[in-house]
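Listed next: structures, encoded as structure tokens.
There are two complexes below, and they share chain A, which is joined by chain B in the first and by chain C in the second.
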Partner chain A sequence: MFGFTAKQLTGVGIFLFVLFIGVPLIIGATGRWDFYFTLTSVALLAIASAGVWLTFYIGRINIGQGAFALIGAYVSAILVVKAGWSFWISLPAAGIFAAIVAILIGLPILRLRGVYFAMITLVLTQVVTLTALALPITNGAKGISNIPLPSGVSLFGIPILPDFAGMENTKLAFYYTACILMVITYAALYRLVNSRLGHLCRSMQQNEELASSIGVNIAYIRIVIFAISSFFGGIGGAMFGSIAQSVYPSSFQVADSVNFMLNCFLGGLGFVFGPMLGTLVLYFGWDLLFEFGKYQMLIYSTILILIIRFLPNGLLSLRFGKGGDK
Partner chain B sequence: MSPLLQVKNVTKKYGGLTANNDISFDVAENEILSVIGPNGAGKSTLFKMISSFTPTTSGEVLYRGERISNLKPHIVARKGVVRTFQETTIFKSMTVRESVVVAQHLRAKASLAGYFWGSRTAQEDVTAFEKYADELLEFLGMTAISNEQASNLPQGSLRALGIAIGLATDPKVLLLDEPFAGMNHDETMNMVNLVRSVRDERGVTVMLVEHDMPAVMNISDRIVVLNFGEKIAEGTPSEIQNNEKVIEAYLGSVDDEIGM
Partner chain C sequence: MEQILANGVYLGSQYAMIALGLTLIFALMNVLNFAHGQMYVIGGFVTYTFYGQWGVPFVLALVMSCVTLAILGALIERYLFAPVIKGSAREESTMLLAAGIAFFLDAVILLVFGEKQRGVPKIVDGVFNYDFRLIMPYDRILICVLAILSIVAFIGLMQYTKTGRALRALAQDRTAAQLMGVNVDRYSMIGFALGAMLAGLVGGLLVTITGVNLGMGGPTSIKAFMMVMIGGAGVISGAIWGGIILGFMEAIGLAVLYQYGDITYLLIFVSLMIFLAIRPQGLMGKPWG
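Let's look at the complex of A and B:
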């Protein structure tokens, strides 16, 4: 089916089952309702990390995803609070706005390679934070708070999406929403990487000169990829803002941008699903080490260093061995 | 018949240094033309300008009467003028077959979105690419190594891979950058035969930059000689072999030797 092997389909099936049925059952049984928030965060951060992974796929180190997440969060918040849009329309709008910004910024900076591109993207998050502090529409340091929960959507009188405000358990609803978005993101990413565009990205990652000699418009593909990448960032950020019901200039900081990149490294740059696993391990790992108190950071960073030292191709290389790329 | 490719008064200056000065020559269809010259004569620069990897300072390159200099490399490739690189420029972590499949980008009929959704045209494209890749690799005698990762290949096979990637784009003119460098006699002879069959069986006009004189004399229909960025001679191999200016450029003039 769709060119997938039975083994792959089983894997995807188990994953979806755990995600949508297993996890809620376990949380219900153990009563750890706080895990919903953690897992929702993981899902949303994984969406933004997917974007970072995609820029890695054309050979660019992107430490600026926080900027696009922040842009997405603000665009959605402003559209919902000030323009009275439904959250569900503001969500794609936030992604598209982030993509447009990425195109405008990408036109000059995507010519850079290696560490130079990385440095510029590192600054981006700070620039967006400062812009949010300065602009009147973003309310400066006060940010935008009291964002209403997503409202219901109905088409021709048939309810499609429920009203989050009227729900008893918004945590579960947000968890499901985030998971669905994540599944769609990664399905799209998988498809993209395994389609012609993905092959062209790989050719560019390995040698841009040779790629242009076989007729690949490298400037165009770089922009398209950076826009898609930032679209994911915008979507993740917008959803985050809606869950927190607030956006501040500090909602996404340089440290978050760095984390998005680390998620990709940790999971494995050669694997589409790497950033998802990386996000889970990184985010959960940090939380689990909370019990160690003041040693939390020490243990955490030691583990990270060990992983990068001994598994340079990421956690997924444990299972797939060296050089796999599914 | 007008020539396929015309280099017209092409000059390239890097600051105060003149890499190519007022070079003009024509390439006829189905010809194998070599550009030779001592190190630093400006051969590679000339190649880069023909394939639009670098702009000309003045002058122009015409392909079927249409200017192809000072454009973008991918646009020149689309018109049918494709260059290859020296062996280090490959897709390192792709297999030989994957490289040749991806290099057929220009033959794609479906759009990128079509590939994403898996449209019928896209599926037909993919099948056609794979079929053509196998054909091409068989033609080049590379079937046995088609599933090898490019980074594991020996030098000779890397050159052949470079040519395979270039041919996969379905070029009319193929520019080969030092296809025989670092090869022993047997490897060189194989490559000479390969390049000749590319021209004879695929109708590709070949232009090459090369140091290996015996191979150049063997393979070329005509030769253009550069020295210090200037064209000093043009002609058939036998004409070039007896050209005094060329001998002087390569061996130094009598006066120079005395001066040393």
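Let's look at the complex of A and C:
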């Protein structure tokens, strides 16, 4: 069906089943309601990490995703709080705004490669954080708090999305929203990687000059890819702001940008679903180790070092991943 | 004005030393050492323990900082970076390793030394005062002179010894150096140890003035990256220039724009981005390092 093998379809089926039915059942049975928040965060961070992975796909190390997540969070928050928009319209608006910023900034900086690009995106994260501190519309260090929960949407009198404020269990609602967004993101990513554009990206990853010499418009492609990547970042950030109901300049910092990059490395750069797994392991693992108290960081970093020492090409290089191997 | 210039020289000489170690490691192994700031903090804590706690003479405590970090750097290179570089498909994977080591060192610092701000007694008392136009405590002047001396010693080592020649050859072309009979593995390890040692030395020097605490690692790394970028990645003279330029920018910016606070850093970062977009290889780097 649609060119997928039966094995891939089963894999995706199992994954969706676990995501939408299995996890709520397990959480309901064990009573660990706090896991909803953790897993929602994982889903949203995985969306932003998908963007970073995409820039890796054209051979650029992106340590600037925190900047675009912060931009997305602020745009959505300002539109909802100050302009009174519905959250569901502000969400794509935040993504598009982040993408436009990415195009403007990307035009000069995407000419850089290797560590130079990595460093300039790292600096970009600092610039956005400091700008958020300095601008009046973002309210400085106080940030924007008391963002209302997403309101309901109805088309021709038929309710499409429920009103989050009137719901008993917003955690579950946010979990489903984040998971649906994540599934859409990764489906789009998989489609993109297997399209003509994806092949062109792979040619750029290997050798930009060669790709250019056989007629690939590399300047155009890298802008498009960077814009898509930042769009994901903006969406993830906006949704995060809505869940936390507040945005501060410190919501996304350099450390977050570095973490987005680490998620991709850990999952494996050669695999579409790498960043998702990487985010799950890094974020969920950190949460699970909370019980160790002051040794949490020590154990966490030791495991991280061991993983990269013995699996330098990412977790998915073990090949227990299903479907989407690329 | 004199005050701003003196502050610039003082900041610049410290910054240059931090950047030197980072750029050396980058030039040799193509590794962005995210853990550089943490190494600097450890250097500070070792000096604090020996000089501040146990009353060992300051110079001896500094030597202990250097030795500790050199051993740490050598071990990290030998058992972590070297195997990962050999085994990974894309060499950027070392960034994850470097970040993991940064987390690990942070955890170790937290467990061993705690999260409090630590300071040591002054090494020399008194303040140099030139007609109230230039005021500078004597210990700052001493640290500044020591930093400049260390930089000179480092350049001497790189230029005039056999080790330095091997390291420079390695930075220029790894394969060619190997073909000329340079023991690549051994000198990579020495280079990494040297870079870590410089970080420890700065940490030991600065603990006498700013003290040391757990949170200093990350921001120090970022500043060091910026200096390396200004001067050009992997170039020794570039790192020194980068340190001096950043030091002066900070000194001037904080003096002129002090009522606006963080605007100084915003301006520094934005101008750095514009500069890098125009000249990506920095002042004296090789393009596409």
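Heads up, the rule we're going with is that the second predicted complex is superposed on the first by the 320 of 326 C-alpha atoms of A that agree within 3 Å, B and C clash if a C-alpha of one lies under 4 Å from a C-alpha of the other, contacts with A are read in each partner's own complex, and residues count from 1 in each chain.
One rule holds for everything that comes next: a residue touches a chain if its C-beta (ideal position, glycine included) is under 8 Å from a C-beta of that chain, and two chains touch if they have at least 3 such contacts.
Since the model is a prediction, treat every value here as computed from it, not as a measurement.
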{"item": "Chain B versus chain C as contact partner of A:Gln206, first or second or both or neither", "value": "first"}
{"item": "Partner chain(s) touched by A:Ala6 [first = chain B, second = chain C, both, neither]", "value": "neither"}
{"item": "Touching partner for A:Leu133 - first (chain B), second (chain C), both, neither", "value": "second"}
{"item": "Chain B versus chain C as contact partner of A:Ala255, first or second or both or neither", "value": "second"}
{"item": "Partner chain(s) touched by A:Leu269 [first = chain B, second = chain C, both, neither]", "value": "second"}
{"item": "Partner touching more residues of chain A, whether chain B or chain C", "value": "C"}
{"item": "Contacts of A:Arg113 with chain B and chain C, given as first, second, both or neither", "value": "second"}
{"item": "Footprint of chain C on chain A - complex, ascending", "value": "61, 108-109, 111-116, 118-120, 122-124, 126-127, 130-131, 133-134, 254-255, 258, 261-262, 265-266, 269-270, 294-295, 297-298, 300-302, 304-305, 308-309, 312-314"}
{"item": "Complex contacts: residues of chain A adjacent to chain B", "value": "2, 191-192, 195-197, 199-200, 202-203, 206-207, 209-210, 212-219, 224, 323"}
{"item": "Chain C to chain A touching residues, read off their complex", "value": "26, 32, 34, 80, 83-84, 87-90, 92-93, 95-97, 99-101, 103-104, 106-108, 110-111, 218, 222, 225-226, 228-229, 233, 262-263, 265-266, 269-270, 272-273, 276-277, 280-281, 288-289"}
{"item": "Footprint of chain A on chain B - complex, ascending", "value": "51, 53, 72-74, 77-78, 82-85, 89-94, 98, 101-103, 105-106, 108, 110, 112, 115-116, 118, 122, 125-126, 149, 165-166, 168-169"}
